[in-house]
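In the two complexes that follow, chain A is the common piece, with chain B as its partner first and chain C second.
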Partner chain A sequence: MNPPKSATAKKVDIQAASAPRGESEELISGSEAISHAVKLADVDVITAYPIRPYDTVMQYVSQMIADGEFDCEYIVAESEHSQFEIVKHASAVGARVFCGSSGVGWLYAFEALAVTAGLRLPMVAMVGNRALDDPGAFGVEHNDALSVRDLGWMLAWVATAQEALDTALIAYRVAEDSRVFLPCAISCDGAFLTHSQSIVKVPSQQMVDNFLPPYDRGDKQLHPDNPITIAPQANEDWVMEIRRQSDMAARRAREVIIEAYDDFNGQFGRGGEPFIERYMMEDAEVALVGMGTLAMPVKVAVRKMREEGKKVGFVRVRWFRPFPSIELQEALSGVHAVGVIDRDYGFGSSFHSGVLANELRSALYPLATRPKVVSFIAGLGGREVSTDNVIDITNSVFAAANGGDIDDQDTYWIGVRE
Partner chain B sequence: MQDINIQALGDYLETQVLEPWKGIKKVAHDEYFTSGHRTCQGCESALVMRLMIKAAGPRTIVLGATGCMYVANTTYYSTPWVVPWMHTQLGSSGSAATGTAAALTALMRKGKMAKEPINVIAFCGDGGGADMGLSAISAALQHTQYNLLIFLYDNESYANTDIQVSGLSPYGANSTFSPPGKVHRIMHKRWKKNTAAMLAAGHPDCKYVATVCAGNAVDTINKVRRALTIGGPTFIHSLDPCPKGWDYDPKYSHELGELAVETGIWPLYEVEEGKLKMYGKSKHIAKRRVERKPVREYLLRQGRFAHFTDEDIDYFQGKIDAMWDKWLLPGVIPFTGE
Partner chain C sequence: MSTSSVEVVYRGIFQKTLAKNICRGIVFAAKKQGRIGIAFGRYSDSPERNGIPAKQFAVVSDTEEELEEHLSRYEPDNNDVTICADDTLCKGVESWAWYGLQPINKLVKPGGTLLVTSMRPADSLIRDIHRKGVPYNLATVKGTASFSGLWVYKDDHTDVRLLGALAKVAPDVVSLEAIVEGIGDSVKQASAKKAYDMVESIPVAADQGNDEVPYEFDLPGYTTMEECLVIRGMEKQQDVPGRDGGYVPARNPNFKKYATRTMRPVINFETCTKCTICWLQCPDTCFDVTPDGYYDANMEACCGCGVCEAVCPVDKCITMINEEAFTDNASQWELWTKDKEKYSEWLSEKISAQPARSHGFHHVGQYAEEIAHEST
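Up next is the complex of A and B:
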């Protein structure tokens, strides 16, 4: 494995590299940032269907097409199922595609999502994370995107609009690499990221063209010059071998992601460490772990507690699939206790924990000395996670580390009215 | 920046010009649906696949929705398809055709693929097409910028999964989900959806909708060729007698198809740019040159109606009479006399 490159070490390069190559700075939301990436990637076929909050990306995309800034086939489908099926088939013919959804819309497309992964088609999708109905809620929860976690989809969670744009470019490169050929979803927290603006460096076309080669489906392309039969009935004769190929592709994705981040860091002067972000982890005694825009209140809280001399750090999981077990083992093996903040739920799961907490427990189990893992559920349905919430959580994690009355075989709901 | 052709969105790609073949002797010998499938003896749908792709020719991409013509036709390592073929989900024939046509359009316009007219055909069964897939087919027929054909092969049940009723199963048919019992003789009380006419009437920009029956092989072939030539999204609905689902000796498949036409249960027609044209015996029936045969002759040849009483047969006959007099092509074309 290549050594992770730290974002701070590259800071000088950012200033030197970006200006001459025509990178522009714009005040845009996460959704608009992804729309820029889609245009820069010269996507061929896009399908839209309305559901909040992801649909803002399609508003930006459709305006760019209407204004003649971007050339692609753009189809407003009649359901999410059709939306994802249409781009699935376009991808099989060799078109670069983009699609997206949120909440129950993502689940309405579930059949299409399953076969897209099974077919090894490199669709890139945006998930504007949203609580699943019922009851209705527009706000963020991660259960929508997490529902495809075992099907062959690669899943990235981003924390800023800049990271959304950059990750979309990386996603195309990794998904379309013939060693991988798996779909990739970029998860953006609803409202907190999809609708929040910040300054984003938008790369030039040339920078993107240098980084992202054209999509080449090779001998899998569906075309009269290559009259193949795709997805016949395989049954017990061959299904297991085909599943194993998907498994090997998901394993290979790890190296391809590392390569892509190496190149991205070199060419763009940013991008950071693939898989996880470490924040004040150098001498940390306890660590918090989470995904997405949760990073903002957590980082503020960590800084506050550091000022008080409390040695706490934060690890943000950037890729949930492939799951960065090695990085998490390495980052967390030295701490006494870990607090996992899930913005999702796992009703009836081990210790009633969130999905990330149990995945992390599994990754840390082989360690000779394991930190205690304490599970927290917070911010469901788009509820704000405050720095005070994070400080309370951290105090519990310190208590767990010091043998206090904290049960690491239970799960704590934060800020909930009982 | 890339060179952008702003007019491109909504551009039409040319279609292949496939002239009709006048008579069976003019039909090409080339086959693109060959050995390797394992459909039942007497399967009319397999013949329909063969005619459909013979009509379309080699520069064609075929998408096949889940159903008999997927499961029984494309076993790994023994595909019968000479042309490129891809499976699509049960309700996705409309989306599969749309996505494939959209990709060809984008890639050819942007110079990423050599320009040529490539036929796109997506087929579906009655369950996949008229039940689950209706909304996607309807949407596909709105996308006038794409050349695609949706081909519905209708054997009037979910035949691949053990014969269960679909929205296109005829009234009263015995199926594994609608068996006649001691208390309820008729379990399936829904009348067959009027799919082709509904799609023709509801999608005024769709240039071509037709019905076919494989007993009329040349007519079937030429309607496929017409649909692909006229371009835009088009739809063909084929009634396919099914020995297993309808319960009759496999040698009578063609005969039952003929009877469906002669009794008026299955009129052969096309609607091209809003203009109705009747075909074959249906034309004679519509012009009152011949009388429709009683539906009794059709129903009693099939085990799936063996539980019918005279009362059931009369009800069925009354519905067929009303169909010809009142509602076959709703809101578009009166369907009597001329």
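Up next is the complex of A and C:
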């Protein structure tokens, strides 16, 4: 990990004077935004193992260390498994940690990922979303991060570099809250976010310090002065209670996330609604739902269709865990049909739908009047989801709403060659 | 229409295959009689771990429905027969995690039979077995704790002998004919028949046996357990009466090792040089440091591993003795301090009358010697 000097982003203070409260504006990628957040959060221990697209974060972090801007323990592990194990242990002794990976690298660490959540350690990780092998592919799919969805990991998906930075700060605050103590992974779409540069407001250290208290594991910290043991072997007499504790922590996370967004909005003047982003949903008759950078072509398509008088809106799911069932029920109960665009797959799942589609169906099922939910698979392996694709999808959703020839017990693959 | 069940309590790894073979034998025999059955294991700690008490069950029924009804419980709690494959387990079973001591006869139905392999007379076993409160029977098959089935030990026919004895004490579960038919091999069939003839069974009254209340404790709930899988270190122990100046390590009051142990160390304090090696090497920190600088093995914490005997540099200062020689867990040092002469007699008696040592981890060939000794 020793990138050439030219790899660092050139700082461009475009509107330094107008930036609020000491924020600077920089032209940086999603990966750089994450590395800025890591530095601002004053992370103590970071581990690295190269895999595209996550490794770009490591490049920027190591560059900051090399330039003397940032001080932390930076360990290059010999595999993803060790990479995540090291920060897991560091978290147990009270260090704020950062880690991350992509695709099958994330899955190579799976044992460590499971025990990190099981042990209630507030690791924050960045997943540079990447298609799982085989075939070996670099493009984005969401199945990598989604694989840990039932283990206690909190999962956020971001759409912009700004949101990546902000969400990383929020993630530390939520994960390290003693009511939660669960790890959090922030998903950034490979290439579309990790390698795309945009103007990002980088807050001052003072602003971040005001928002993010130091990590305090309290009397659960491994330390010679606090003699405890953690991670015991447990029998059937104990395991279910331990699982229930994790369940309660995942339930409590919801309120802690809401609190964190309230504070973030107040202190930074941005941040938005905690769990979902609503776009042109006020009078929408049908809605599209998706995660990550899909938002861009979807929003463009929604605007185009609105110009034609078609009342379509978009709901972007920002937090997949905890799953925002209440918000989604509230946002979608008034529409006639919902089209879920999954950048992932669920082979053999209910109706062969994507992961998000089936999760959403489950959340909407208790509603007295349910919209039709139509599942679309698109953009796998980093394939473009074009505005025209989204318009086609939207027309199908309108058809479903109006009793047209669209089967909501099937799943439609968009942009696939026959 | 009926269902029968048999519980086999054994010590992990050494007797796992033995217990499995017994239960398979029961199911095979039941099949010969036109019944259906299932053999299955239950354990909390790993049955692959050295000396851990674990269980195997055989349930046989006339119909699938009856079998299912019986199996729908975690462990059958109304067994016709409980087979105890190691008589040191008569003091109780700590199989189901460490939350208490389960009496060996707890899951025997009223009027059922506890069948033990032992060289000891029945009254010696009854002394160790907790009172049941209802009458039952105690049957014994002569033998030590068998390693039969563990690959380094030869088949000593313990499995078929127990099956033959089972047919005698519980003919409703399986008949001798079915057992013999299920065994096949003629030499082993002869062993089963011989055990059928020789097994001794006596009635045990409701109030007979060890009157101690087996220890138990309540498990915490998810709201009362510490979060994040944290187990807090014990507070340093203060002021143990009579131990001023010594050191008694704080121990988890719920974590006792009575039934884990098949042997315990006895200590000759007269020859002890206070070298500290037993205390340092004990993997379970079971030694209390006495005010006068001796090392007293605490029987709540000793798992009977024998490391102290192995590392002690003084000849015969520490000797491992089979658990059957003891009826309590009292401090040896306190007994010695009170009356040195009496302690010396007690120590000599324990060592000289030393019964067969359990679980031959002390030297290669020990089991063969024991078998040869017993057959004379």
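Just a few scattered comments:
Convention: the second predicted complex is superposed on the first by the 398 of 418 C-alpha atoms of A that agree within 3 Å, B and C clash if a C-alpha of one lies under 4 Å from a C-alpha of the other, contacts with A are read in each partner's own complex, and residues count from 1 in each chain.
Heads up, the rule we're going with is that a residue touches a chain if its C-beta (ideal position, glycine included) is under 8 Å from a C-beta of that chain, and two chains touch if they have at least 3 such contacts.
Everything numeric in this text was worked out from a predicted model, so none of it was measured.
Of the two partner chains placed by superposition, only chain C is touched by A:Glu241; chain B is not. Once the two complexes are overlaid on the shared chain, A:Arg120 sits against chain C while remaining clear of chain B. Once the two complexes are overlaid on the shared chain, A:Pro227 sits against chain B and chain C alike.
When both complexes are overlaid on chain A, the residue A:Phe181 reaches chain C alone and has no touch with chain B.
Of the two partner chains, neither chain B nor chain C is touched by A:Thr369. With both structures placed on the common chain, the touch criterion links A:Ala77 to chain B but leaves chain C unconnected. Counting contacts as defined above, chain A residues 227-232, 234-235, 237-238 meet chain B in one complex and chain C in the other. Within the complex, the chain A residues that touch chain C are 118-120, 181, 219-220, 227-232, 234-238, 241-242, 244-245, 248-249.
Residues 44-45, 96-97, 99, 219-222, 225-233 of chain C are the ones touching chain A in the complex. Contact residues on chain A toward chain B in their complex (touch as defined above): 42, 44-45, 47, 65, 68-75, 77-79, 81-82, 85-95, 111-112, 115, 205, 214, 222-224, 226-235, 237-238.
Interface residues of chain B, counted against chain A in their complex, comprise 1-2, 4-6, 8-9, 58-61, 63, 70-71, 74-77, 79, 81-89, 91-92, 94-96, 98-100, 102-107, 109-110, 112-113, 118, 135-136, 138-139, 143.
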